[in-house]
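The next part holds the structures, each set out as structure tokens.
You will see chain A twice below: alongside chain B first, and alongside chain C after that.
Here is the complex of A and B:
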């Protein structure tokens, strides 16, 4: 049963449309991710769910209850803000105890819960300090602690890692996964970073201009993006998107690309001659060397970007840019300005309509 | 160029071609001092000299309406002033007026700030109107309120007379007179407190209130844990600044009651004035003025301390 359900939620600020019929469902105990670039409406969605934004249309149901228009306090959710929003004049202990005050719990009970959460998040040594004296990572963990201390049924996370450095982000990703497993609460996580979405979420909703364009588990999202939008958003380095045109020849349909023709038998009858298409191929699926069952081409090496274990190669084939990823040992033998023979197979390629960006087949 | 008008830097060492006294006098190394001199002269003549002179006078037996060479009397006037029951009486009156007025200003200023912290129609125009009293001169405020309290045609008496048959004379009783002064002073300066509090209120980040709302904090808890810490130091500034200013209150009192009835509204400032310019006990007035100055200096150091603390908190 869906724990949280958004149905056609519309939010406008003046003439700007922030949410344009946002709909999705999150299951009980699920780790659900909203993925989209900035100003796609992720934050507004979370704020609407929390009750901080009045809506123009649509409904929000939570735990089997309609909450549209209900006051913020009664919703039984907690939220982690991008800015952490710790109370600057209270100690870490008081910050952590803050959400418990309303429940009228005994002092011992509050103390015990705070200590428990502080230990879980490893901020026990900071309890008597003010938030401003903590490092970014510690502040982040206190913010998480304050959100989970009263064991909300739903935790809303608004880009919680954006303000942290790269190393800390990596650690915190693991931390969030661990917390989700240990606490078993429903988590709704907004992020512009595809890596965070892919590594943590059980399901991801890709957001564009205030609406969901695709919802899928990370693996499927990566393997079968619905549109060029999702294809460009998920996976790093970004998928190569190459313009082409469908052509019927004697041997069957092919897709004419700037650097050759790819056998289009895989897509069957769906293609009409003359259709403008965009072919997507992941840099990881471009191989070195030629292959009789694949499209082989010669390409110039424009730039190399060593990432340590692998290197991203920036190629150009007849003017069309193409990226590929190679293991470092292999890539180190290639020189910028040289030429390589590469190939990719039809079964690795993704095909989209040029005009609509929608996936074919 | 150099032939017709001398380079500004060239005349630094040697005298310029058109030299002479003026050239020497206006040399660049003297220009800074020259520009500052008029201001310093005014400051010295109008402030520093009278200050030192009156300080000296307070050790002599001098009366401004008598001729002759005054005797040196040492600290006798200080002793007399400090042991004078009348003086302590005036200090008490002043304390009552300061205390009630500052508290009233805080309450009204605070409520106004809470009101103006939110957006509403006509907010800017209303804000301007509310700030007007602060910009009026003391004399006009004094005259306004004198007319309000006027027993025959004043607004206050007119309203009260609708409810009672007795003639109501606001300034006839000591309590009424003090209340009259307090109301006038508070009316004038509540906007100032409001401005300070408003500055504190708008510096509170919105997301803190949102976080508190999600954390289910009550209105009072949001106020005490988020809002109040942000305006605390500004409130302290307001209290100290208004205390210092009200302590020196003269014009409004002088115009509305002239210290009456009897001496029941005679503040320390009015008392100093009367001692100096009605009874011509110039030296004794100087001694008292210096004691008042001492009190104000103590309050001011507290004020400056509070300012510094606020500056540290903000940075």
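Here is the complex of A and C:
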């Protein structure tokens, strides 16, 4: 059952179109992620759902009820803002109690629930302090606490990890997963970071220019991106996208690439000779050494980027850039400026129309 | 000349350092040399005030002594003569200064208060609910403060005569309120603009009505700013002379006007008396500034928001 449904939502600011027919559904208790670069419309989407932005067109339904145009107060949702947006003039305890007080809850119940949430999020020691005196991670946890203290049916999260350092981000990702499991509330999480989307979400909607371009579970999104846009967005390091052209030869169709031809039998009859295509190959699928069943090529090593356990190699083959990932102990034997023999197999490749960016096959 | 130690190069303070008590951290950073230097400059600024206060406690001969006396026998005669003057019959007669002090406090206090209330409401509206051309309106509001007030004195004088506002509390308070509103709107708007609007959105989502958002969330965050605006407005209005001279009557006269009237006469300027009035006149402003000091320095909204 769909808990939240957006249908053709349009939001314009003057001449700029922020949301251009945004539609998607989120199931009850689902962890749903909106993935897109900045200014793709993620924040506006969340604000529209919360009722903070009036819409020009479209409708929003929540918990079986049309909420388009309904006041912000009383929608039964909570939001975690990018800036945390804690009340600076109130203590942590007062911050956590604020939503409950607005609901008119009795004083001892407020106290009990605040203590409960403070313990769940391990901020009990900060209760009497002002938000300004807290560390970034503590502020974040208080913001989460304030959002969940009155047990909303839907939690909106607007890039909640953007303002934290790398180590904290990692911890908080686990924390969000844990909270989702323990509280069982529906979560809608907006982020520009594909890693956050892949690690936490049950389903991801990729956003571009105010509309959804693909919705899928993280694994499918990674394995079968619908378009070059999604392909470039999901996975790190980014998928290699190489321009090519379809050619029919004696042995069947091939794809002519700057550094050689790849057997295109896999894509069957869908390809016409002369078609301009973009071939995608993930850096992890580029192997060291030659392979008779694959496209093998020689490439120069331009740069090495050690990440600790693995190293990203920045290669160039006949002018075309190509990235690959190697285990550190293998990569350490290669030198910048040297040459390597690499290969990749047709079954690992993704093919897209050059003009539309749409996936083939 | 005081020797000045070279300040240590500015480092970005670590988080732990930021939590040190303000005062200790700052002296630690600037060093005693700079602290002493700033103290010296402050003394130069404070000197005229100090001079006036000292003169208020001097006898007439001490006040005119050359070279000036730094050590003298203090006397309260000047303060007494602010409130009582010798009458022809040999007894003493009460002056009207208690009334003038009341007038100054009442007129300045009330007009600044009204201006702050109206200015804050207007500033919030301008900051949060912008109209088409908000900048133009803000500019127009400012233009009223661009010309020297004396330019408008004749029309204002005539209007006050015509409407019977001359010499009334209502009239002068109305005028001072009108003077204070533009700058209240501008100052307070800048404080509202500094706030993080997501905090207000958070309050709305937490179930706060628009009234609560304003009174419970926005207003407490700009209290320090309101205090500063109040003090500035109060000082401006407190010392205003020109309009008070022309538009107040016997009953509504303020201290600056009354002070001017003690000048002249057959004995020349009685500097001791004048200094005593000024000293008394300083007390309410000192008092208010001191009371609001905490608000002025607290700056509760700084550093709570990561941008």
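We adopt the following convention: the second predicted complex is superposed on the first by the 361 of 361 C-alpha atoms of A that agree within 3 Å, B and C clash if a C-alpha of one lies under 4 Å from a C-alpha of the other, contacts with A are read in each partner's own complex, and residues count from 1 in each chain.
Throughout what follows, contacts are C-beta pairs under 8 Å (C-beta built on N, C-alpha and C of every residue); 3 or more make two chains touch, one makes a residue touch a chain.
What you see is a predicted model; the values in this text were computed from it and never measured.
If you put the two complexes together on chain A, you find that chain B and chain C bump into each other.
Look at A:102: by the touch rule set out above, it reaches both chain B and chain C.
Of the two partner chains, chain B and chain C are each touched by A:85. Once the two complexes are overlaid on the shared chain, A:163 sits against chain C while remaining clear of chain B.
Judged by the touch definition given at the top, the superposed model places A:265 against neither chain B nor chain C. In the superposition on chain A, A:72 makes contact with both chain B and chain C. Judged by the number of chain A residues each one touches, C leads among chain B and chain C.
Within the superposed arrangement, the part of chain B that overlaps chain C, taken from 1-9, 37-45, 163-171 or 217-225, is 217-225.
Across the superposed pair, chain B and chain C both touch chain A at residues 47, 50, 52, 72-73, 77-79, 81, 83, 85, 87-89, 98-99, 102, 146. Chain A makes touch with chain C in their complex at residues 47, 50, 52, 72-75, 77-79, 81-89, 98-99, 102-103, 130-133, 135-136, 139, 146, 163. Those residues of chain B whose C-beta lies close enough to touch chain A in the complex are 205, 207-208, 210-218, 221, 225-226, 229-230. The part of chain C that touches chain A in the complex is made up of residues 15, 19, 196, 198-199, 201-209, 212, 217, 220-221, 223, 300-307.
Put simply, chain A touches chain B in their complex at residues 47, 50, 52, 72-73, 77-79, 81, 83, 85, 87-90, 94, 98-99, 101-102, 146.
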